[in-house]
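Take a look at the structures listed below.
Paired with subunit B in one complex and with subunit C in the other, subunit A is shared by the two complexes that follow.
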Partner chain A sequence: MHLPAHEFVKPRTLAESLDVLRQAGNVKLIAGGTDVTFNMRGRLFQPDVLLSVRGLDELSGVGVDGDGWLRVGAATRLTDIENAPALGDWPMLRKACRSVASRHVRNMATLGGNLCLDTRCWYTNQTAEWRQARGPCLKNGVEACHAIKTSPVCVALNASDIAPALIALDAEILLASADNERRLPLADFYTADGVHHTVRKSDELLVAVRVPPTADATVYIKETARKGNDFSYAVIAGRKTDERVSKLVLGCLSMRPIQLTGVLDVLGSGELTEALIDQAADACRAELGVLTNLYTPAAYKAGLARALVRRALQTLKET
Partner chain B sequence: MAARPDDKLNVIGRRQRRIDGFDRVSGRSEFTDDIRLPGMLHGKILRSTQTHARIVRIDTSKAEELPGVKAVVTHKDAPDLMFSEHQPVLAGDVVRYVGEEIAAVAALDLLTAEEALELIEIEYEPLPSATTLRQALREGAPVLHVRSPDNVGPTMEKDWGDPDRGFAESDCVIEDEFRTPMQHNTLAELHVALADFSNPDKLHMYTPTQGAPMYQMELAKGFGLETSQVRVVYRNIGGAFTGRGRPKPHHFVAALLSRKAGKPVKIKATADEEFIMFRASGETVYKFRTGVTSDGVIKALEADITFDAGGHDEWAMILWLPSVYLNWVYQAVGVRYRGRFVFTNTVPKGSHHGGIMGRMSAGWQQHIAHVAQELGMDPADLHLKNAVMPGHESPDGSVFASCGLRDCIKAVVDRSGWKHKYGKLPKYRGIGIGLGAQASGSKAADNDTSAAMVKIAADGVVTLYTGIPDMGQGSHTVMCMIAAEVLGTEPESIRVVQGDSDITPFDWGAFSQRGTFTTGNAVKAACEDARQQLAEIASRELDVAADRLEFGAGRVAVRGNAEQSMSFSEVANKSLHSTEGRFVMGRGFFNSPKPFGALAFSFGAQVAEVEVDPVTGAVTVDKVWAAHDIGRVINRLAVEGQLDGQVFSGMSQVLYEECKVEDGLILNPSRLEYKLPRAYELPEVDYTLVETIDPYGPFGAKEVGEGPIVVSMSAVAAAVQNAVGAMVPEMPMTPWRVLRMLRATADGSTDVGKAWSEGLD
Partner chain C sequence: MQRQVMTLTVNGDRHEVLVSPRQTLLDVLRGQLGLTGTKEGCATGTCGVCTVNNAEGEALLSCLTPALEWDGEAVTTIEGLERDGRLAPIQQAFVEYGAVQCGFCTPGVIMSAQGLLNASEQPGEEQINDGMAGVLCRCTGHIKVKEAIRNVGRFRDAPAK
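Up next is the complex of A and B:
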């Protein structure tokens, strides 16, 4: 399939880009294009303007700010992040970046693109003819969901492998528009709605991600159908602060990454005994919300979440 | 003449690199999609978006008016052009599945063709549909074809030997049920057809194929031509795996568009369209029944198989394929087979890599392991006790002139340490054994002929003309090795002319594992003919009796006197550039003396060892021990490659592959979501080659093209069965299914099948 007709705009500066975002109507942002072009070929969206931010200076590069925070430009390629010496102090981020797709994809794909990845659903991520055969859904503005018939919101899955790691690291993001700039924790970026799955406004651009310095022990596990080059069945990112598990974030199981605060409450500051790990793993189901049969059966997702929590806690226990 | 094991061979049995290997890895190999003919148009097919509907109206006028569109075709353009007996190439009044071909467009470029498709208006009147076996067989189910009011299409019921006596003589009769899903062959090269029918007297069809004759015959029949008026041209081919045996609808559509537009038209599948075009295997339910004496003698074997044929019965051959497997492995008194096609509103089906036998074997060999378990026997002992032997005549009349099955079983049992492992492995580890047999060139009709020619040019260069395609299996390398052995030269020095039915001699093609066996025999005969011609000329020139000449290093020499010799060039010149004016051209052919069935059979046994993750349900295949009697090994490197590939594909089908189908739509029609494993998942393979020297095969060779995958699938399935503690009733054995099995067996459930069917997905 070919890309539908569109105007391709590639400004030289961030300011110009933000102007385009404010003025043009139906704009889709593109950086590496590994996901956007693919979905556009399938007519998942047909923007009037494709706005490329690839290689923009203001959006590129990895460095450590004066306050010791890591700063990564949103349009930095995943390969460049992996290879940046600064990442030595944030090993979980390096691991998460490296777990994405294949070397070829990471040579194109960007951090911002990964964090903003459109949610996925096997009733939507198909060709136009396929969707025509099946009928429209919430993604097309119609009150219908094929995954969960009664669902009032789109339940397509968040697909970012990196977001859980960055949330566990307390990362914050910088969003800019032509006349405003705001910071917010990455944890607050995502919503429980597969259609409008982030709080990014249509005139805003994700400029950078900042990660506070930390020496905490971390764990990152990605479960896939096969090794390498695949979307996840599920990922988990965890962190231990002062001998206490401080973060557990599950990704790719529902519309947004899930912070398992209830599991942390069960753990408290107790010693990570097998009994406590089991108890904590059992507690995770209540925090998952509604699970779908998208790509894997719902019961398997619940079981996998439990298994990943166990494995993450066992790893943290040993570190 | 059959070769003896002690024959001195120079080339046969080597580890020979592919003669086209460099071209392949350097990107120099040309594939069909690389071909661009002058004035070539691009075609696209409009497919049904309905599972079952009456077509009320088709309006193509807007598409026809779009600038750049050169032809639009619908059923009206070719109402009598049939794809199968009851199935027009382009749907007439009814569509029976999502994806059915309705109309097609040829345009100057692909973009315009795609745009034109969107301008075709179709009005449907939806009809009730049945998209699964269960729905189609239900009382009062929607009927797909009036000729089959119960939705049951062709059936086959056959007994061989005396199964009733066999069951009567049995102390114990075991039954099991197994299911396999719709699966898809993910070929490296997508389907593509480039038709040039601008001259209505000659249809040129450029396409990857397993053999030109069937394409010529079917296209000729469809378009009212003589077979020779259809020229089939092919280049390198990226895999076939049963999928390029005969033309598919897009071949006819491309020809139709080309005839109408007066220009060549290329139709190439998109990656998702491939799942519709391929016609892979469908949902299948197997009921196995085996009668056995208390001391482990298998008396009777029975299988009852229900196939989802899809919307049309395109390939009825699938019906009888599994029956042979029942006949060829064990020495039973009787075999009973029941097969039936059921129509559903889904894409018509063909088969997956391994034919139907591979899929069946994943259940059947678990069933045989279950029989052993009931008897308190080690399954390896049960296999060995009942395995066929040389000289055996199976109930279906097949005679095994050579057979090393028992040696194969012994080899894998020995090499895998089976006796130390079976029943003794830690929890969640499993070991399984499977057996298989495969015909090497199974003749279904008189025209199962291979012919070959070999030319020795005046410069001494040997050129082989063959119609056998190389789909990646390395057949051309094997043919060059056979030719080099006979002519006393090197495989790399031989040129191969292939891929054009106007030029190459008749060859039925690469089906039913006939390449090495049948074409190999033809090439051998052609080279022997050429050798005799060379010997005659050299004998005259060197003034020595022909039987005193020997061939080696591209020369003809007097035995024991290397001084007295001539190069091929010198010999060919003496013949060609003289008043004689005759060039050296050997001809050979092979057509089995048997009217039906095969002359030679390959056999194999494999043991697989697996580990199941009790938390995630993931299965890892750690190692596979494979022992195969494939007759004489021609190219050891290619044989090992075949074994690796088939272990991989077998494991992949058993553990990973599944088209998720919902309401007649495939939910995962992409290489991303159809979870094929990758090289990382390939287990270590230990090879044992049992070289029985077959009296009919070229230098004693049989086949290695499909036999091993059937065995791999059974061994991997039996290993998972062993690890989870009960027969796994369904493929693929995905993590969630394995977890469900583990729960069921942990609960001490006596009826795992029931626990299974009440499961979630």
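Up next is the complex of A and C:
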């Protein structure tokens, strides 16, 4: 199946790219293309203009800024991030990058593409013919959802393996448009709506990600069918600051990564005993919201979330 | 949509090809250039049979990238591995270790293995798993493939056949 007709544009500079974003109407950004190409084949996107940022110099590279923060360009490939010497001080980010798909995909895929990854759904990430058989949904401008019939919002899942790790590390992102630049915590980038799943405006582009320095103990676990090529059933990223669990972020179970603040409250600054770990793991269900969509049934997802919280806390206890 | 001329170097040969934005790199290799060694399996990034190597010798999936992304760049396909009628060491290893059955996945599996060997002459077990997880063979399985990769050194200095 060929891609839908479009104009392919690949500017040489960031300024030119931002100009295209501002001027053209129906533009889709493409970086590594590992998700966009697939979705275009399925006619999920039919942009007039496909705007490529792959290999754009101003968006590429891994380095440490003067203030000690790690800086990764949005168009840097995951393989290059894994191999960057600077990542030694941010081992969780390396682990999260390595957990994405296969080496083949990571040789193409970028960090920006991963963080902006469109949400996924059983009913929608299919061929056009398959979708047609069921009719449109909120993603195509119709008030209907096939995953949860009564849902007023799209409950397609955020499938990024890396976002939970970067949220746990308190990363911030840099967004640029032709006439503005802004930075915000990655945690604030995502919304609980599968259709408009980030606060990126249509003329904005993700330029870079910055991660503060830290010596905290961290944990990152991915659960999936086959290691090395599959999307996650769920991931968890956790962190311990001054002997206290300071972050727990669950990914791939909802429209956005979920920060388990209620679980952190249960933990407080108490010692991580088996009893407290159990109590905390039980508390996690209340923070997950509705569970549905993709790969596994809701009950499995709830059980998996609980198990991941337990495993993460046990690991943090031992480190 | 308007077709445009792009330059693509494949296996050392520079081509000017007229392509449509609707085509992937895989479409152009197989269609315009007639290099049908590279296969289309899933066209979703899962099976790896469309694997080619980029200019740095890394494995990538030609089904997941628009052809026009590659304007001015170079790739190597399965057709580019042999030299003067002599199989590349990894190809010879696949023959000797019986790492081929129906052969449909073989170009992709070999280009994945070659990508691995371009990064490291003697990859360890973990590296082999990492480099080969993205390509699926549904008849030979991965045991013989891994044997061939582990033993590729035996074929590096073999006399021409």
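Everything that follows uses one rule, which is that the second predicted complex is superposed on the first by the 318 of 319 C-alpha atoms of A that agree within 3 Å, B and C clash if a C-alpha of one lies under 4 Å from a C-alpha of the other, contacts with A are read in each partner's own complex, and residues count from 1 in each chain.
Throughout what follows, a residue touches a chain if its C-beta (ideal position, glycine included) is under 8 Å from a C-beta of that chain, and two chains touch if they have at least 3 such contacts.
Small disclaimer: the values here were computed from a predicted structure and weren't measured.
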| item | value |
| --- | --- |
| First (subunit B), second (subunit C), both or neither touched by A:M1 | both |
| Partner chain in contact with A:Y295 - subunit B first, subunit C second, else both or neither | first |
| Contacts of A:A178 with subunit B and subunit C, given as first, second, both or neither | neither |
| Subunit B versus subunit C as contact partner of A:V195, first or second or both or neither | neither |
| Touched partner set for A:G228, first subunit B, second subunit C, both or neither | both |
| Contacts of A:L264 with subunit B and subunit C, given as first, second, both or neither | neither |
| Subunit B/subunit C common contact set on subunit A | 1-2, 226-229 |
| Residues of subunit A defined as touching subunit B within the complex | 1-2, 122-123, 126-127, 129-130, 132-134, 223, 225-231, 293, 295-300, 303-304, 307, 310-311 |
| Contact set on subunit B toward subunit A in their complex | 47-50, 98, 110-111, 114, 270, 272, 615-617, 656, 660, 663, 665, 667-669, 672-673, 675-678, 680-681, 735-736, 739, 760-761 |
| Of all residues in subunit C, those that touch subunit A in their complex | 1-2, 20-24, 27, 43-46, 48, 51, 54, 58-61, 63-66, 68-69, 71, 112, 115-116, 129-131, 133-135 |
| Residue numbers on subunit A that touch subunit C, as the complex places them | 1-8, 10, 30, 32-34, 37-38, 41, 50, 52, 54, 79, 101-105, 107-108, 226-229 |
